[in-house]
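Working notes for the structure below.
Chain lettering (A, B and C) follows the sequence in which the chains are written, and residue indices restart at 1 in each chain.
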Amino acid sequence: MNALLPLWSFVVRTSVKWPILQTLAPFVPVVALWWAVAAWGPFPPAFFPSPADVVAKFVSLMEKGILPEYLGDSVARLAIGAAVGIGLGVPLGLWIGLNKSAHRALWPVLLFFQAIGDIAWLPILIIWFGFGLTTMTFVIVYTVLFPVILNTVLGVRSVRIELHRAAQSLGASPARIVGEVVVPGALPNIMTGLRNGLGYGWRALIAAEMIVGTSGIGFLMFDARRAGSVTEIVLGMIVLGILWYIVDAWILAPIEQATGRRWGLVTQ
Amino acid sequence: MKSLSLKNLAKTYFDAYKGEHVTAIRDVSLEVPAGEFVSIVGPSGCGKSTILNMVAGFIPHSGGEILVGGTPVKGPGPDRGVVFQSFALFPWKTVLDNVGFGPKMRGVPKAERDAIAREYLALAGLSHAADRYPNELSGGMQQRVGVVRALANEPDVLLMDEPFASVDAQTRMTLQDELSRIWEERRPTVVFITHDVPEAVFLANRVVVLSKGKVLAEVEVPISRPRVWDRLVADDEFKDLSNQVLALVRSA
Amino acid sequence: MERTSRISAALIFIAPLAVLVALWAVVVPVFGVRPQIFPSVPAVGRAGLDSILDGSLLRHVAASVSRVAIGTVLAVLVAVPLGILMGVSRGVSAFLTPLMRFFSVLAGIAWIPIATLWFGYGFGAIVFVIFNAVFFVVAYNTLLGVSTIPMTLRHAAASLGAGRQAMLTDVLLPGALPNIVTGIRTGLGFAWRGLIAAEMIATDVGLGYMLFVARDFYQTEVIVLGMIVIGTLWLLIDRLILVPLERATIERWGLVSA
């Protein structure tokens, strides 16, 4: 035990210096365990590939250019979903949040369509648009859109009435109030909505790529499943995990925190 | 500076929960000449906030007239500056940008409105806090910003609804000293609502006692200026007037 | 009073949806929409009635709901104790957080291909997917919940004489509960979508399957019926179970998880 203490303090010291190590360190024992199970465990390699197999697969798919291409396709689809989702969702959310009768008429409809969920749309979308890009784009936009709208509405309605009044009595026009008061006040919620929406949208994208896709990481994994190649499936999962980890932990979460923290709108 | 006049003002609310009309203001007439400081006191629920919200234009009135400089009030406008009990600072704007908000809405260019904002911040001794966010200030400092933000827009009438009710007693006295000094310097027309009788007397030229939606009495406050707590705490005239107003409020 | 206001609130909620159905009832015949593109209201009604009478709707719903229920209960039973255990020590929880985060990122759908390879098509694979969707999210949130319980609270409990057992049941578990419930709500959201996707791919009974088979025969009325059932079921689960649960833990104690 005592022999481990210097090692532990070394880990602590280095991880303070390079925070990235703190993120990576816990994966070391997991990969080691995985390796050990693959080497000495009861599973045949076709069923349970070792880390080396996966790395080799990664290298070969990179060389063939398949992985970069599919990754590019998936990320581009997600980006389009995010862009359209924000572009449509924020204005719609502002309108519904600011307009009482629009809210009364549309809120239940929104909740219901959100509850149907993106993936349940796939069968009828296939009938309408066939297998391919339109169907996938529709599913992602649909998935991103609702959390953005719903959270924007919540954000708009959480802006205190005194702030509206303060702006009015300082001479702000209704249009200026939207820009100066409503949008910044709703921003933390909008970011939360975007983060949730992309979390769901990304999963919907994978499902859509599996079921109707002809390219993308989801397609890669499902195609591998048809061919019985566990190695490619595991590679696909790792790529997905890393990709989303980067997007979520390094981009979305810090933005979400930064918008609200200094203003005192986000506690924690 | 402009005068404010209320003529037979009335307000009934519709209470949707009970399904009936509630009369909050029965019949209030009040003249506030340009450059006068008027305090309104009265027991809780007597309609103080209702009057202020109508004058500010936040809620419509059901009867009578509200005139600012002879012009009827229709909705909120920059001619009437408001200071809120809950401060109502924009959390996403720095102190400087909060104070510069009114000039910005008037279309004053950035450099010029920053200069205006800095001048007013200096007036309240807040120059050092210009680049901070409201969330990073104490309650007393936040309300100083609230007052200064309303002033920086140079309104014709300044409306304040219990602005110092949510700061501690020590800070409140400092803020009262400061407001008194600022008023003496700039002489704005002020309607100041409060629960606190000594505060009302300390600040005002005239105290209006409100009861159940009507004006019960008006008390002139001839105490000389400048007024500071150091002098007034022991002042007999101040004590007598306070007791007189307090008795009226008790009877209301 | 309470009763009538709740009923009127429900009516106000339903009214816009009724308008939507009315619009649908008018638009389809007026524009002569072909049934292969979008079904008419009576067609969906008939499909609903048929599937109720021959018992198939009940069979699909029962299959889907039981899979979600089993997968979720199993996952919560394992995830909560594990999450608390991992969260007890600051060092351990800081060390494990990135790991849990990585796996909760993968929750649900991404496990479908490997699950179907390991377990074959059917019940096992689908429950595995749901288990995964719920497990990692709940474990991660529990870990988070325990690690945000203020140290002062633990010290206070210890100085009042709380032993290991009491610390667990009276401080750590209740303290982490709001996070746990939030985790369950999020995880179940992923699980529900994962379920539909998995059922489209890997089974011969369940709502997802019902939808996907109907597609082969251009039975849009069955598809739309299935979508309505899925939406309604989720609304019921979310509004009648999850939201009240979340509210009860978070609002009651005034704990707010940002």
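Basically, contacts are C-beta pairs under 8 Å (C-beta built on N, C-alpha and C of every residue); 3 or more make two chains touch, one makes a residue touch a chain.
The model shown is predicted, which means the values in this text are computed figures rather than measured ones.
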Note to self: most contacts are between A-C
Computed over C-alpha atoms, the centroid farthest from that of subunit B is that of chain C
The distance between the C-alpha centres of subunit A and subunit C, rounded to whole Å, is 18
Per the C-alpha centroid definition, the whole-Å distance linking subunit B and subunit C comes out as 52
Subunit A and subunit B have mean C-alpha positions lying a whole-number Å distance apart equal to 49
The residues of subunit A that touch subunit C in their complex are 22-27, 30, 47, 104-109, 111-113, 115-124, 126-128, 200, 203-204, 206-207, 210-211, 221-222, 224-225, 228, 230, 233-234, 236-237, 240-242, 244-245, 248-249, 266-268
In their shared complex, subunit A is touched by residues of subunit C numbered 12-17, 19-20, 36-37, 94-99, 101-103, 105-106, 108-114, 116-118, 148, 189-190, 192-194, 196-197, 200-201, 207-208, 211-212, 214-215, 218, 220, 223-224, 226-228, 230-232, 234-235, 238, 256-258
Note: in the complex, subunit B contacts subunit A through residues 56-58, 75-78, 80-82, 84, 86, 88-92, 101-102, 105-106, 133-136, 149-150, 153
Within their complex, subunit A touches subunit B through residues 160, 162-163, 165-173, 176, 180-181, 184-185, 187, 262-265
